[in-house]
Structure formats: C-alpha cells, structure tokens
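Heads up, there are several structures right after this.
Two complexes come next, and they have one chain in common, subunit A, joined by subunit B in the first and subunit C in the second.
After this line comes the complex of A and B, so read on.
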C-alpha cells in the first residue's frame, strides 16, 4: 500500500508540474494584463499538435520539435495579442469572452485539419528508473525537470533583470512604473506572448507523455486557474507549487475516495482556500 | 421613456401576432428555443448587469431546475406546474446556501465567479455520477407533456404553437418580474451594490441581503426556464449544467446589452438564430460563432441595444 501511495504521489507531482506551467502563464497574464486567459488551454493544444505534426509527419527529432512548436505557439500568441487582446487590457469579462471565442476557433480549426482522432508520438526517451522503489518512466522525469527549470528561470529573471523588476513594479503600481520609464504597452504584450509560449511548451511536453486530441486544453486550463489561485495570484514559484498540490490531491484522493468525483476534490480545496485564505496559501511572500 | 414603452409594447404585440403569419414549424421551434434562452439571459442580467455580480452558477440553476422538475413529477406524481414550482423552491434554497457562503465571506468579482463556478461544477459532477436518479451522462427522455386544466377543459402542450405561446408568456412574466424589481426600492439597492457596495454598506443598505435577493430571484427564474426547456426538448442531459452553457448566457447578455432589463433578449435571439442562418459544416459554424463573439465584444461594447440607442439619440439630436 505505501508503494501505491508513493507512486500516486510522484505521478501527481509530475502531472502537477504541467498544471504549474500553465498556472504560471495564468498568474503572469493576470498580474500584468488584468485578464484571465482561458485560451491558454488552446495554446497548449497548439503546442502539442505542432510537436506531433513536426515529429510524426515530418520526422523532425523531438529535441528540435519542442522549441519549434513553442516558438510557433508564441508567434500565434503575438498575433492574437496584437489583433484581439490589445483591446481587452484590464477588462476581465471582455478578456474572458474573447478567449472563449478564441477557444472555439482554435479547437474547431484543429478538428477540421486533423479530425478528433487521438494522436501519439513515439516516446523520445524510453526506459524507466526506480525512485524509492517506484518505477517511473524516464520521459516523465525529464518533462518534470524541464518544466521546473523553466519556472525557476522565470523566477530568477523576474527578480534579477531590469525587465523583471519592471514587471514587478508594473504589477504593484502601473502609473508609477510608466512614469519611471517602463514601456507598459510593450511589457503587457511581451508578458502575454511569454505566457502563450509557456503554454505551448507545456503542450509540447505533454504530447510526449499522453495522446493528444483537440479537447485536451479545456480541463487543463481550469486546473491551471485553480492552481494559480491556490498559491495566490501573482506568485511565480507558488504557481508551480499550487499546480503540484492540485495534481497530488487528485491522484492521491483517487486512491481513497470514489474516482468519479476526482475533479471535485480540487474544487472543494479551492473553495476552502478562497473562503479562509483569500490571498492564497503563500500570501505575503513572492 | 414613453417612447421606449411604446416600442416595447409594439415588439410584444408583433411577437404575439407572429404565428398568424409564420406557419413554418421549424421557425417557430427556433423561436421557442430563443424565448427560453431569453428567460435565462434576462434573469442572469438581474444578477450580473443590474447587481454587478458575475455568477457562473446560472447554468447549474437551469439544469438543477430541469432535473428537480422531472424528479418531482416522476416520484411525487404531481403536475408539471407544481413540480416546476417545487424545483424552483429547491433551487432557491440551494442558491441561498451558496449565496450566503459567498456573500458572507465578501467574495467579489473574479473570486465570486470562481467559487460559483466551483459549486456549479460540483453540481454537474453529482448529476453525472448519481446514476440511479439522473441516469448519468445518458440523460433522461421525457415522455410526459405539461397539461393545463382550465374551466373543465384540459390543454396538453404538445404542438409547437402551444409551446410558442407558453414560452412567450413565460418570457413576458420574467421581464415583468425583473422590471418590477429594478423599478422598486430593490432595484436602487441593486444599483448601489453594482456601483459601490462599500459605500452602500456605509449608507445603511444591507448589501448581504440584497445580493442574496438578486442571486435567489435570478436563479429561481433560471430554474423555471430549465423546467420549460427540458419538457419542450423532451430530454435532460448533464450538459445543461456545463460551463459552456453559463458562458453562452454571458455572451447573450453582453451582445444584447446590460443596462436595460429586456436588452439581453436581443442577444439571446441573435445567438440562437445564428447557427441556423449560416449554413456551414458543424466545425466551420463553431469557428464563425467564435469569431462573431470576439468581434461583437470588441466592436459593440454597449451591446446591440445600447449601440442602437446611442445611434437613435444622436440622429434625433
């Protein structure tokens, strides 16, 4: 029994890092542009399909396909920002509805091109390793490490570069930041595009672990929003931890409680957090 | 103002007289669906546009209303009307509990939306998994039809025409109830909450009570809409409670306009008609639907009714 619990714990943590990378996108977009981008799930799906298309159809090596797909997603994100989200800054409801419309467009264009048949790519790194007596596929560990590294790099970039400090100051006092020479329009666009790139990367790595179909984004983005709120909107490392907590809650909860309510445990947890710790679990720390 | 009332009366009369000229069953069916969607949109606007609370529970109230009506008719063997009243009472109880939790903890804006969304998802999971009562994802086929006994004669609501008038009557009743609320002392408290709830609190308005009132009335009307929708369609599915349904309602309100009680009707009719007007494949239709939603939000920030009103006023001036 302890073996199963440990296995579920580790698996949950790995799925949780995937929630975490999207949660980071959600939290950054919300802090800087003032909207919750539900379409991040659609961008994740784009990244996943891009990777699948490059590797399985064109035979590009996986290591090259991931950055290419991430870059492609970022370009689409840039177009979406310039054409649409530029007009919904700090307008939560309009931003929400525009991203919902965008999800409809993305999902159905994907359906038209590649149909609803699930696709898989060949596992780029095979084999598994034993961690505390639990066998985990190597690929899962690599995905987990890459995502954690990206979140860590984002954290350090936000603390130690001029652009990062500009973002922090903008999140705290937009007008003061503008007066101090922060190019706010540029900052908002870059943060938006960066969050879509994060989603694309999440999708590209997701494609190596699970089969993909046009509907994978929806549930993930809801989890990501839950994760971002759990940690408190605005917290970078918190987004990763929030995602992991959510993943672990679900996978361990599934062992002891009825499986069909799997999605409800995260929700109950979320409601309790919002009622009793409305600023998130790590309020006061950034 | 009187001009406005006149225009609304003219539209209402036109809606009543329409079946005399339009005999096409398909057109009438689509109109019944758009009237039922309008009830949802108008009642949602009481919570969202008038009181300023972004509730994501509306589709859940709609779905619970539908299921509870079926359960009451099936298990208690009461008429459709009694059953829908019981269902509405049940939904009001549920929304009072959820509303009390949310408003007691002073959840606002995005956080209120997330918590109501979480409760709506929990309600959906219960419906999907409580197989013995709700038949899970398969849903329930409804064979019974509402019967109305008037002066010793009984009318069975079976033909599209009878449903047309029932739905229209329900829509009028909804607009009347919401309109009366907004024009009364309640409406002024709702507006105070929307504009600045802390100031309202300081001036002695019990904002907790009035938020709860708006949430309860809105959800009660949604429950009635759910009962009618289910028995018109002849089936109930868990998709009634989906997030997508709530978002569709929000889109209707934003497209129609938020500041007037009846404005969401325009958005509801437009969005219900749209898929039938554009003749494309299902995927292409969804793409066009999404694109229209995006551009309507970006280009018509006041909604169709608000834009037309501004335009008329500018021409008159």
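After this line comes the complex of A and C, so read on.
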C-alpha cells in the first residue's frame, strides 16, 4: 500500500502542475485586469486541438507543434482582449459574462470544425521510469518539468524584471503605478495574452497525455480556479502549489474512496483550507 | 436557335428525371445515433453502413412492394449521445418526417431518454437499436415497437457468457472491471457480475464518472489485488486513455473487452500481453473467405473513397448495413411499407444471410461472432462462435 500511495502522490503532483499552469493564468489575469477569466479552459482546449491538428493532420513534429499551438492561442487571446476584454477591465460581472459567452463560441466552433469525437496523438516520448518501484510515464515527467519551469520563469520575471515589478506595483496600487509611468493598458493586455498563452501551453502538453474533445477545458478551469483560491489569489508559486495540492488530493482520494466522487475531494479540501485560512494558503505572498 | 434547342433538350431531360422520381414513392426511414461525441464509435460506423445501403438500394432503382416501386429517404440527425437532443430528434422524425422505421440508438442513455416518448407511439413505428438497456424492455406491454439488433451478453447463448468461458479456459481467477458510471455501465456491471459469479471468477468493480481522463489512481487501486485481466469501459474514447495509462504505468497488460473495438489494444500492442475482444466480425479474415463481406468492403471503399475502417467496422453489426436490406426484404415479404406490425412479423421470421448471418429470438437479434485474441507483440488469433449452435 505505501508504494501505491507514493505512486499517487507523484502522479497527483504531475497532474497538479496542469491545474497549476491554468491557476497561474487565473491569478495573473485577476490581479491585473480584475476579472476571472473562465474562458481560459477554452484557450486550453484551443492549444490542445492546435497541437493535435498540427501533429496528426499535418505531421508537424510535436516539439515544434507545442510552441506553434501556444503562439496561435496567444494570438487568439490578443484578438479576444482587443475585441472584448479591454471593455471589461476591473468589471468582474461583465468580465464573467464575456468569458462565459466566449466559452460557448470556442466550443461550438470546435464542434463545427472537428466534431465532438475525441482525438489522440501518438505519444512523442514513450516508456516509463521506475521511481521506488512506481512506474511513471516519461511523457508525464516531461510535461511536469516543462510546466514547473514555466511557472518558475514567470516567478523570476515578476520579481527581477522591470515589467514584473510594474505588474506588482499595478496590482497593489493601480493609480500610483500609472503616475510612475507604467503603461497600464499595455500591461493589462500583455498579462491577459500571457495568461492565454499559458493556457494554450497547458492544452498543448495535455494533448500528449490524454485524449482530447471540446469539453476538456471546463473541468480544468474550475480546478484551476479552485487551485488559485486555495493558494490565495495573486500568489504565483502558490498557484502551482495549489494545483499540485488539488491533483494530489484527487489522486490519493481515489485510492481510498470511489473515483465517481473524484471531483468532490478537491472541493472538500478547499473548504477545509478556507475555514482556517479564508484568504488562501499563500495570501499576501507573491 | 441551336442554343434554344439545347436548352429545350436539357429541360426535357430534367423534366423526365423529375417525372421518374415523382412516379416512385419514397419510404422515409430514420436513424437516431451519435455520429459525433465521446460515445460515437458505434453511431458513426452504423451511419456509414446505413447510408451505403440506402445509396445501393436507390441506385438499383429502389424496391418493389405489392406492385409499386419505392425509394428510401434517410433522415439521420446526430444525437451526439445526448438524450435531450435525441428526444427532440425522434419527435421530429416521427411527427414531421413521418418516419415509421428508426435505426438505433445504440447508446443506453439515449434509449432511456427517448423510451417514454417512444412507448407513447407504440404501434406507429419500429425502433431497431442495439442499446444494452433495451434488453430488459423487450416483449413488455407497450413495447411492440422495440427490436434489439445486437447479441445479448448473458444467458446460456449469450456472447458474454461465451467470452467469460474463454477466459476461464485460460485459467483466469480474478478480473477487475472499470466501468463508466452511467446507464450502460451499470447494466454491464450487473450482467457481468452474474456471469463471472456463475463461472467461478472473482470480480472487483470500480466506476468512474463520464469525462474522467486520468485513471492512474483507480488503476493502481484495482491492480493492488493482482487481478489477471482488466475489463475496462465500453467506448473507444475512454478505452484509449485507460489502456494507455494502464500499460504506461505497468499496472495492467491483459485486457478483456466486450464493447468498443480492437483499435485501442492495437495502438498499445507493444506493451500488451493479451487483449481479448468481442468482435462481431473480424473483417481482415472474413473478407478473404466470405464473398458478401468482400463485396461490402469493396462497396464501402468505392462509396466513401477512403480505406475501410477495419477496427470499428465490426460494430456495424447493430442497426447498420444489413438491417436496411433486411427491412426492405421484410417490407417485400409483408407486402406493405406502412403496416409496421406486418413488417415486424416478417422481420422476426427472417433468417437473413448478409454480411452477418442474422435471425431473431424474442425480439432480439442473434448472429455468429468472433472472439479476437491479440497476443504479445500483436499476433492475432480468432475463434468464431455462433450462439445458435452448441459450443
């Protein structure tokens, strides 16, 4: 039994990084633009379909398809920001309505083009690695490493670059940041587009692990929001850790309780955390 | 002047062709299947087969019943596996398109969703589908419209019983079942729990919610008791994920499938030791020995202008190609295209020799099938069984 629990701790941590990358997008968007972008799940789905389309239909190598799909998702994010979300800045309700409307548009366009039939791509890196007798698929480890590196790089950029410090200062005091020369509109658009790129990257990597269909984004964005709240909105590393906590809770929970209630385990954990730390585990820490 | 003559001749040809089509009456038939969506494996191939058969029949000039020629007109909305959509589509088929013969559904959740409305219209139409949950309704009062077009799993002549016997002969003591928590999944668990118990094989069961993608935890939980085989899901969409994750994590290498296709096993063949699959017909072998199968494969290729889908084609055994031809033959035998009771009686007494060798018993279809066993490395052995013959 200890070996199985260890296996699920590791598996949950790996799956959790996928929640974490989306949670990072949620937390960045909320901190800078004041909206909760539920459509990040749809952007994730776009990244996944882009990767599948490039690799399976056009034979593009997976290593090239991932950045292309991420870039494509970011371009769509830019269009969405300029056409829609720039009118919803710091307006939670309008942002919510626009993001929910956008989910419907993305889902239906995907249905029209590729139908709802699931697709799989051939695993670019096969085989598994034994860790203390637990076999972990190589591809899952690669996905985990890439996502953790991206979160780490984002954390580094936010702390050690001018743009990062500008984002921090804007999140704390928007008017003061503007008076100090921060181009707020550009900053908000950049963060929005970066968040959609993170979601696209998450989807591109997701496609190498699981079958994809137009509904994959919905459950993931809910987990990401759970992860972001669990960590405390605004915390970059906390978003990753929040995602990992959720992933581990689900994986280990499924060992002892029925899988049918898998989605509830994370929610129960979230409620317990919020009872003791209403602002999340890492609130106040950037 | 020449232009006017050419135009006149052209108009004449159009008028003649219109005249021919108006002289022939049409029999509207409906199909209620999921052609897209996570559970579309069956509906997609069934729709392909139905379209091909309708095209063949119409291209041959239609068919004659009681001295009148008819053509078929197919209405085939896509349910996407959604019962609410299917209910609206069935209402449209019966009330607006005036369809009296409906092929499908294969999905139990779809049948459960339309069952009340279908029962209200008992006597007005026939529904020929493979849904697992139809089995319990067959022959009940108010269910005269229902014909189940697939072999049943349980009972002494059930294909499931035969497959579990095959497993037993391999010395299997324990099987782990991982099934979707929905109507079909629950019926399958109930049905197979009984079959395994009767044959002295221990069964452990876990259910998962539709939409689950990561099965690693539950697979690890099931693997802990060291079952000999994993019996997972019923649709290719989840089978791809489950089999890949089970083999990647070295948790299971032996699989037992009674729904879905061989394709998920073939995709992971390098890591699989054994995969036993209920296959209504193993086309790669059958097309070499059965002329009607060979003709069907060739017709498919010519009509759709693409390669034959060997992996999912066996699922065309339910409300598909043969069934359209059978329906036409039954109308001819009954001497009517509109008296559904007479057409049903003709169908039930029929022994049809098409791609499959089909007959009916208690409103349910019976046909011979193959058990495909994919061994380590991808080598395949096939056993043909016929529930109507002792085995």
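The working rule: the second predicted complex is superposed on the first by the 284 of 286 C-alpha atoms of A that agree within 3 Å, B and C clash if a C-alpha of one lies under 4 Å from a C-alpha of the other, contacts with A are read in each partner's own complex, and residues count from 1 in each chain.
Just so it is clear, contacts are C-beta pairs under 8 Å (C-beta built on N, C-alpha and C of every residue); 3 or more make two chains touch, one makes a residue touch a chain.
Everything numeric in this text was worked out from a predicted model, so none of it was measured.
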{"item": "Superposition on subunit A - do subunit B and subunit C clash or fit", "value": "fit"}
{"item": "Angle at subunit A between subunit B and subunit C, C-alpha centres, nearest 10 degrees", "value": "70"}
{"item": "Touched partner set for A:90, first subunit B, second subunit C, both or neither", "value": "neither"}
{"item": "Subunit B versus subunit C as contact partner of A:136, first or second or both or neither", "value": "second"}
{"item": "Subunit B versus subunit C as contact partner of A:172, first or second or both or neither", "value": "neither"}
{"item": "Touched partner set for A:229, first subunit B, second subunit C, both or neither", "value": "first"}
{"item": "First, second, both or neither for A:15, with subunit B first and subunit C second", "value": "second"}
{"item": "First, second, both or neither for A:118, with subunit B first and subunit C second", "value": "second"}
{"item": "First (subunit B), second (subunit C), both or neither touched by A:216", "value": "second"}
{"item": "Contacts of A:161 with subunit B and subunit C, given as first, second, both or neither", "value": "neither"}
{"item": "Subunit B versus subunit C as contact partner of A:260, first or second or both or neither", "value": "both"}
{"item": "Nearest Cα pair across subunit B and subunit C, whole Å", "value": "7"}
{"item": "Common interface positions of subunit A, toward subunit B and toward subunit C", "value": "111, 258, 260, 263"}
{"item": "Contact footprint of subunit A on subunit B as seen in their complex", "value": "54, 101, 105, 107, 109-111, 114-115, 118-119, 121-122, 125, 128-129, 243, 247, 250-251, 254, 281, 283-284, 286-287, 289-294, 297-298, 301"}
{"item": "Sites on subunit A touched by subunit C in the complex", "value": "1, 4, 7-8, 11-12, 15, 111, 115-118, 120, 123, 127-128, 135-137, 210-211, 213, 215-216, 219, 250-255, 258-260, 262-263"}
{"item": "Footprint of subunit A on subunit C - complex, ascending", "value": "35-38, 40, 44, 80, 181, 206-209, 211-218, 220-221, 224, 237, 240-241, 244-245, 248-251, 267"}
{"item": "In the complex with subunit B, residue positions of subunit A that touch it", "value": "36, 84, 87-88, 92-94, 96-98, 100-105, 107-109, 111-112, 222, 225, 229, 258, 260-261, 263-264, 267-268, 270-271, 274-275, 278"}
